[in-house]
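Below is the structure I would like to discuss, written out as C-alpha cells.
By written order: A, B, C, D and E. Residues from 1 in each chain.
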Amino acid sequence: EETVKLGMVAELSGPGAPAGINWRDGIKIAAEEINAEGGILGKKVEVGEYDTQTDPQVSRAMVQKAIDDGAFAILGTIYSGSTMVNMLVAQQNSIPQFVGSEAPSIVEKGNPFVYRTSSGAQKGVPALTKYFTDTLKAKKVGVAWLNNEFGKGGHDVFVEEMKKAGIEVIVDVASEQAQTDYASDVAKLKDANPEAVFVYMNQEESARFLIEAKKQGLAMPLVGEVTLTEAKVIELAGAAAEGAIAHVGVTATATEVPGIAAFSTKFEETFKRKPTHDAIKGYVGAWTTKYVTEMVGEFDGEAFSAKMQGLCLKAADYPKILLDTCWDDRGEMSRPSFMVQVKDGAPTVIGTIAAD
Amino acid sequence: MLELKNIHGGYGKITILNGVSFSIPKGSITTVIGPNGAGKSTVFKAIFGLLNIHSGQVLLDGKDVTRNTPRQMIGHGVTYVPQGRNVVPQLSVYHNLELGGITATDQAKVRQRIETVMDQFPMLRQFRDRKAIELSGGQQKQLEVARALLLDPKLILIDEPSIGLSPNLVQEVFRTLVRLRDKGVTILMVEQNARSALAISDYGLVLELGQTRMHDEAGKLLADPRVGQLFLGGHVGGDAAEAES
Amino acid sequence: MSMPVLSVRNIEKSFGGIRAVNGVSFDVHKGEILGLIGPNGSGKSTLFNCILGQLPPDGGDVSVNGRNVSGMRASDLNRLGVGRTFQQLSVFPKMSVLDNIILAGQEHHGSMLSRLFGPGDAGLTAEAEKLIAFFRLSHLRDTLAGSLSYGQQKLVDAAMAFMAGPSLVLLDEPAGGVNLTMLAGLKERLTAYNAEHGTTFVVIEHNMEFVMSLCTRIIVLSEGSIIAEGTPDEIRANQAVIDAYLGG
Amino acid sequence: MNVRMRTLSILGLVALAIAAPIGQGNYIIYVLTSWLVFAIAAMGLNLTLGYAGQISLAQAAFMAIGAYVTSLLTLAGWHWILAMPLALLACFVVGLLLGYPALRVKGHFLAFVTLAFNTLVFLVLRNEDWLTGGSYGLVGMPRPDFGLFSTMKQLHFYYFTLGVTVLAALAMWGIVRSPWGRAFKALRENPIRAESLGVDTRRITLLAFAIGSAYGGLAGALVAPLVQFIEPGSFGVAHSLRILLMVVVGGSGYFFGPFLGAAVVILLPEVLRFAEGYYLIIYSALVIVMLVFVPSGLIGVWGRLHEKFWPRHEIRADLKEGAGLK
Amino acid sequence: MSQFSQVVLSGLATGSIYALVAIGFTLVWQAAQTVNFAQGEFVMLPAFFVLAGMSLFGLSFGTALLFGLAVSVVVLGLLFKKLVAEPILPHGGITLIIATMALGILLKESVKEFYSAEAQPFPSIFPNDPIDVFGAVLSMQDILNLAFSLAVVVALTLFLNRTRTGRCMQATAQNPAVAEILGVNVKRMILYTFLINAALAALASFLITPVYLAKFSNGETLGLIAFIAAIVGGFNQIRGALAGGLLIGVLDNLTAAYVTAEYRAALPLVLLIVIILVRPQGLLGTKEGRAV
C-alpha cells in the first residue's frame, strides 16, 4: 500500500517543547482521522517527526532532512526564528509548509510556499485595538512583554497600533524568557498606574506575571493576545487569572463551534490533557494539506502553492477546518476570532470578531 | 612481624617490583636504602594497600593482608607517612593532628597525645590555629611526622622523614623512633640520609631495580664497601663522570 | 671589590602578623656558592620568593648585576639569567622528561615569532639529552615526569635550572630525597659549572654535609633575620647556630 | 604509532572526508559540513582548554562574533575571503580581552566568567537590533563564489569547508608542536614554575584565549554562509557547552580529539533518531557512561581496549639495568 | 517610595531562593571540591517527585512531600554519588563538570518525556496571604524562605567546622589521598556530602516551586544564577552563598526597575566579572593560602 509523507518539524525539546509537543499531538489526531477516511488521494499519511531542539539552525537541517526523506509537505515550525530560516529550504524545493509562527515578517518575504495556521501578530493585535478604544475607552496604557522574537513582534505592533489610535503607552516593561521574578515589573506598572495593561508573554510567564499582579494588587484590566486566558495559564495561576482578558484566534473553549468541541474531546481522551491553540493549529494545518491536495488532484508543490493563493475554505464544506478560513497571496490567514475573559476559573467567550 | 613474599606489582601496565621478599622482626628499626627510583616507596605502597599487586603475599604477624585497603591496614595497627607533602591544606594545624587519630575509639587519649607531640615539636603549638598550607615545607613535614604518632601502631612505615627537616629536628625524629622501638613498635623507614639512619637502625635493606639486593644488620651494611660506594656516596662512581663528557 | 651579582637590601615580608622575613640584606659576588641555612620556618623560602618575584615583598630592594629588579616578574628575571628551583617538587607532570628540560631552555632562544615558526624543539634536543644523561635519566627521556620517583623528579627539577645557561641560580633544597651517590654527582656538577662558567649559586639546604662541603660562604637565618655569616668552619663552630639549628 | 603509520592514516582520513558526501542527500551533506565547522570551533577550544588548561565556556560567543562580522560584511557586498580575516581579527582581539580574567582566576571560576561573557554577547546581539537585527537575526548571506568554483551547491560548500578545515588543522598542528605548544602545556601544568623558567605566562595565557577564539571566529565565518541565517539564540551558552562536550568527549589535549568529539556530538543524535523523544535521554546517559569508563575521551578507547584484552606487564627500561650490585 | 521598598524586599525574597540553591554549590565545593552543574536540575526535580506521589499514588500533599524528600535523597544523593560522582571524581574536575552537565540534560529530558513538557502548579506549604511591610507586599512564603536559608547557613557552617565528621568531609575534599591514608572513610564522607546536598535541593525545591511553577526547564537559569551568587559571595564559605544570593536578588530587581529591563540579565554577569577581577575569593571568602 502506498503512503504519502508529511514532515512534522517542530520544537520537541528545548524551551519551545510545550508548544511543539501540542502541535505534534494535534497533527497526530489529524493523521489518524485522515487515514481513517482513506488518506490523501487514497494514500495513507505517514508523519515523520523531526525535532528542532528549538534551534533555528537545527530546524533548517531538519526541514532539509524531511525533504530528503521525501516529505510532500512540511508542518512546522512554531518559533518564528526557526521558521524564518527553514522556510527558505522548503521554498527552494517547492514544498508547501504550514507554520505555527505568528511573527509579522514571515509573510513579508514573498514566499509562496509558506502558510500560517493562525493569524500573525500584525492581524491579531490590531483586532484588540477596538477593545482598547471602544470597550475600555483607555487613554493611557502599559505593556508588559517577553523580550524574544515572539514577544517583540507583538510589542512592536501593539505600540504602533496604539500610536495610530491616539492612545499613549506610558509604561513599557520587557521581561526575559523563563523569568521567575515579576516583582519589579509589576511594581513598575503599579507605580505608573495605566488604565489597562497589554500582556504579551508565553504561558508560564503569563501565569507568574498574573500571580505577582494579584499579590501586589494590580487593579487595572490585563489584556492579552491568545495566551493570557489559555487553560494552562488558568491552571497555573489559579485565582490570580480571574478577570484576565484576551483576544484569541481559535480556542478550544469556543465549544459552541461543533468541530472544536469534537476535537477537544478526542484530544483529551487521547492525551489526558486539554488541547492548546497550538494543538488546534497543527490539526488545521494537517487537514488543510489534505483538502488542498485533493482539490489539486495530485501531489504537486507548485500546483498546491497556486491553489493556496487567496483560497477560502468554509467550515460547512470542509468541517475539519473548524472555522471559515481564508489565505491571502502571501500566506497570511484570516478567520473569525474571539474575545475571551476568565470568569469563575474558566475562559468564557465575551465577544466574536469577524474575519477581515 | 612483617613479611613480604615475592611481591610483583606496579603502576598500570608497568611492573616496578619484581620479586621483593624480606621479613622484619618485631620491635626493630629497619632502614631501606637504594638509588632513586629503585622502588622503595613502591614497596611501602604495596604494603599499605595502595598498589596494584600482581602476585606475592604480604603477611602481618603471619596473617595474609595482601591487597587490604588502607583503612584495614590501619585497623591492623599499621600507620604510614608517605614521601613528599601530605597535609590537608585548608584545615588548621590542630585539626590536621586530630585527623591523625580519627580512627581511635578513645578520643580523649588522642587529645592528650596531641598535647604531647606539641611539646615535642613546639612549632605546632605556636601555629596551632594556622592553616596547614601556610606552614613552611619543613613545618609541614613536622606536622606529618607528629600526626603519625597519635595512634598506638604496631608498625610504622615512614618514607624519608628527613626531607626538609632541619638537622636538630632530624635527630629529634630519630630519637623518637628509637623510643618507640624500645616500647616494642616495629619501624620500617626509607632514608636517603642513610648514614644517620642506619646508625640508629637494627637492620638495613638494600633495594635495587625492584628487588631486594641485601638484607643485613645495619652495622654490617654500613661497613660494606660496595654499599658505601654505590649508595652512600662514598665515592663518585665512574658512570656519572662518563655521562658528562 | 667588583659589583655583586645579587644584592639584597632590607627585604621584609609579613603574613598577617607573622614576620617571615625581617629586614634581610646581603650581597653575593660572582662565582660564589652561598649557603642559606636556618631552622624550619625561618623565612628562607619566603626570601627566595621575594627576591625572584613570586611574592611581593613588603619592603626592600633587590638588584641583579647592579640593576634594580624589585617588582620585576619572575619570567623577566629568568631571562636576565636568574634560574631557580622550588622546595616543593615542581616539574610538569604530564610532559615527558625531555619536554620538561627543553621548556626550561626554549624561552632563551630566538624571539616569540621564531619560536612559533622555527623548529619544534627550538634546537635544544641535543643539549637537553646531554643534561638528562648526566643525571642518569636517559632511559626515562620519554617518560612523563609525573610518574617518576620523588628523587628522580628532584633531579629533573634541578636539571631544568641549568638549561638556560644562567649566571645566577637559587636552589631551594636540591638535595632532599636525592640518593647520596647521585648527590655527590650533583655537587660535582655544581662545582664544575661554577668553575667553568663562573655561575653564582645560592643554595638552601638542610643537609649539612652537602652544604659544608659545597659552599664557600654560609648565611644563617633565624626568625627572619640573619644571625650568623661566615665560612663553613666558622658556622659549624658558632654556638648560636648550634643552639638554633644544628643541635648537639 | 610511528611517523609513517601516522601520515598514512591521516591521508586515509582526508580521503574518507573527500569521499563521504558522494552520493548522499543534501541533509547528510549539511550534517557533514556542520561536523567540519564544529570541529574547527572545537579545535580552538582544545587549544585553550586541552593544551593551555584554561576552561572557556564562551566558544559559541566567538562563533557569534565571527558569524555576525562575516554576515554584516558579506551582506554589505564584501567577498567572504575579505570578510573572514576581519572576523578572525575581531575574535582574536576580543579573545585577548577575555583572557584578562584568566590571569586572575582559574578553573571553575574562570569557567563562569567566560560563561557570563557568552551571555553578555548574547544580550548585546539581541538588544542592539539596529546593527544585529535583534532577535530576528540576519538572513540571506551569500555563499562565496570563487569564479570557477561557486559554493552555492551543498556539495561544493562541503568541499570548500573541508579545504578550510584542513588548512586550519595544519596551522593548529604547527602551533602545538612548536615551542608555543610546549609553553601552553607548561601553563596548564604548573604556571608558577613555567614563569620561573622564563615563560611569559601572561602573554601565553592571553594568546591561548586569542588563538582559540580566532578558531571559534573561523567556525562562525563558515556558519554564516552555511546556514544563511543567524540569530542570537544559535550562539547561546548551551552551544558553548556543546563545543566543550565535543572537546572532552573526543579527548581534550589530543590533536584529533575535536574531530572525533564533533563527529560524536553531531552524528550521535542522527543515529539515535529512532528513539524519537527519548534520544536526548539516551544521548546524555551515553555521555555519562562514556565519562565513567573512558574519562580521557574516545581517543583513549583503543588503548583501554588493548589494555583490557591484551594486558601486558612490561618492565621499564630503567629497571632492567642498574648500578650492578649483585 | 513604595515601589522602591517593594523592589528591594521582593529582591530579598528572590535572593533567598538563589541563596538556598547556592548553598548546595558551596557545600559540594567544600566537601568534595567539585561543582555540580546539574544543581539547578537537582532543585527542579524533587517537586516532580511530589507531584508524581500525589497523582500516581494518591498521596496527600504532606505525605507526598516526605515521599519526595526520600526519593530525592536516594536518587540525587545515593544514586548520583554511586553512579556518577564516585567513578568520575578521581578523573578530575572538568570531567565531572561535563558529566553533571549531561546529567542535567538527562534529568530535564526525563521529566519532560515521562511527566510533562508543560508547567504544573505546585501547592504552597506556607500561606500565601499578602503581608504589608513598609508599604510593600510580601507573603509569608517569602519571609520563611529567608529565615530558612539563614538557618541552613548557620547549621551547615557549624556542622562543617565544629564537628569531627564535618572536618573529615573537608579533609576528603581537599586531599583525598591523605584522608584515605589517615583512615578517614572517604567514600562515606562523599556520600554524606551528596545526601545533604540532595536533601537541601529537595527542600529548596519545595519552597520555590510554588512561585516558579514546576517545569522541566526551571533548572537552567536557576543553576546559573545560583552559581554566580556562590562565586560573588565567596565559594569557600557557606555564608558567602547567602550574601551573594541576596545581593543578586536585590540588584537584579533594582536594575530592572530603575536602569534597564533589556539588560537586566547582564547585571549578575557584570557583577560576577567585577568581583572576580577585584576580589577573586568573593565578598566573604577567604584566600586559599600559599602557592609557592
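We take it that a contact is a pair of C-beta atoms (placed from the backbone, for glycine too) under 8 Å apart; a residue touches a chain by one contact, two chains touch by 3 or more.
Just so it is clear, the model here is predicted, and its values are computed rather than measured.
Chemist: Count of steps on the shortest touching-chain route from chain A to chain B?
Modeler: 2
Chemist: Most remote chain relative to chain B, going by C-alpha centroids?
Modeler: The chain farthest from chain B, judged by C-alpha centres, is A.
Chemist: From the mean C-alpha coordinate of chain A to that of chain E, what's the distance rounded to whole Å?
Modeler: A distance of 36 Å separates the two centres.
Chemist: Quick one: report the Å distance separating chain B from chain D, using the average Cα coordinate of each chain.
Modeler: Averaging C-alpha atoms per chain gives centres 47 Å apart.
Chemist: Taking each chain's centre as its mean C-alpha position, how far apart are chain D and chain E in Å?
Modeler: For chain D versus chain E, the centre distance works out to 31 Å.
Chemist: Need the CA-centroid distance for the pair chain A / chain D, whole Å please.
Modeler: Their C-alpha centroids are separated by 38 Å.
Chemist: Return the residues of chain A touching two or more other chains; collapse runs of consecutive numbers into ranges.
Modeler: Correct list: 13, 147.
Chemist: Which residues does chain D have that touch at least 2 chains other than itself?
Modeler: Only 192, 277, 280, 316, 318, 323 qualify.
Chemist: Give me the residue numbers in chain B that touch at least two other chains, ranges are fine.
Modeler: 35, 37-38, 134, 230-231, 237, 239
Chemist: Flag every residue of chain D that touches chain C in the complex, lowest number first.
Modeler: Chain D residues touching chain C: 174-175, 177-183, 185-186, 188-190, 192-203, 316-318, 323.
Chemist: Mind listing the chain A positions that touch chain E in their complex?
Modeler: Of all residues in chain A, those touching chain E are 13, 15, 17-18, 21, 147, 173-176, 178, 180-181, 183-185, 187-188, 190-191, 203-204, 207-208, 211, 215-217, 232, 235-236, 238, 273.
Chemist: Using the touch definition from the top, list the residues of chain C that touch chain B in their complex.
Modeler: 15, 38-41, 45-46, 87-89, 133-134, 136, 138, 147-152, 154-155, 173, 176-185, 188-189, 192, 206-208, 245-248
Chemist: Which of the residues in chain D come into contact with chain E in the complex?
Modeler: That would be residues 49, 55, 100-101, 104-105, 107-109, 111-113, 115-117, 119-120, 123, 127, 192, 237, 241, 244-245, 248-249, 252, 277-278, 280-281, 283-285, 287-288, 291-292, 295-296 of chain D.
Chemist: Can you name the residues of chain D that touch chain A in the complex?
Modeler: Against chain A, chain D makes touches at 25-28, 30-31, 34, 126, 134-137, 139, 223, 227-229, 231, 233-234, 276-277, 279-280.
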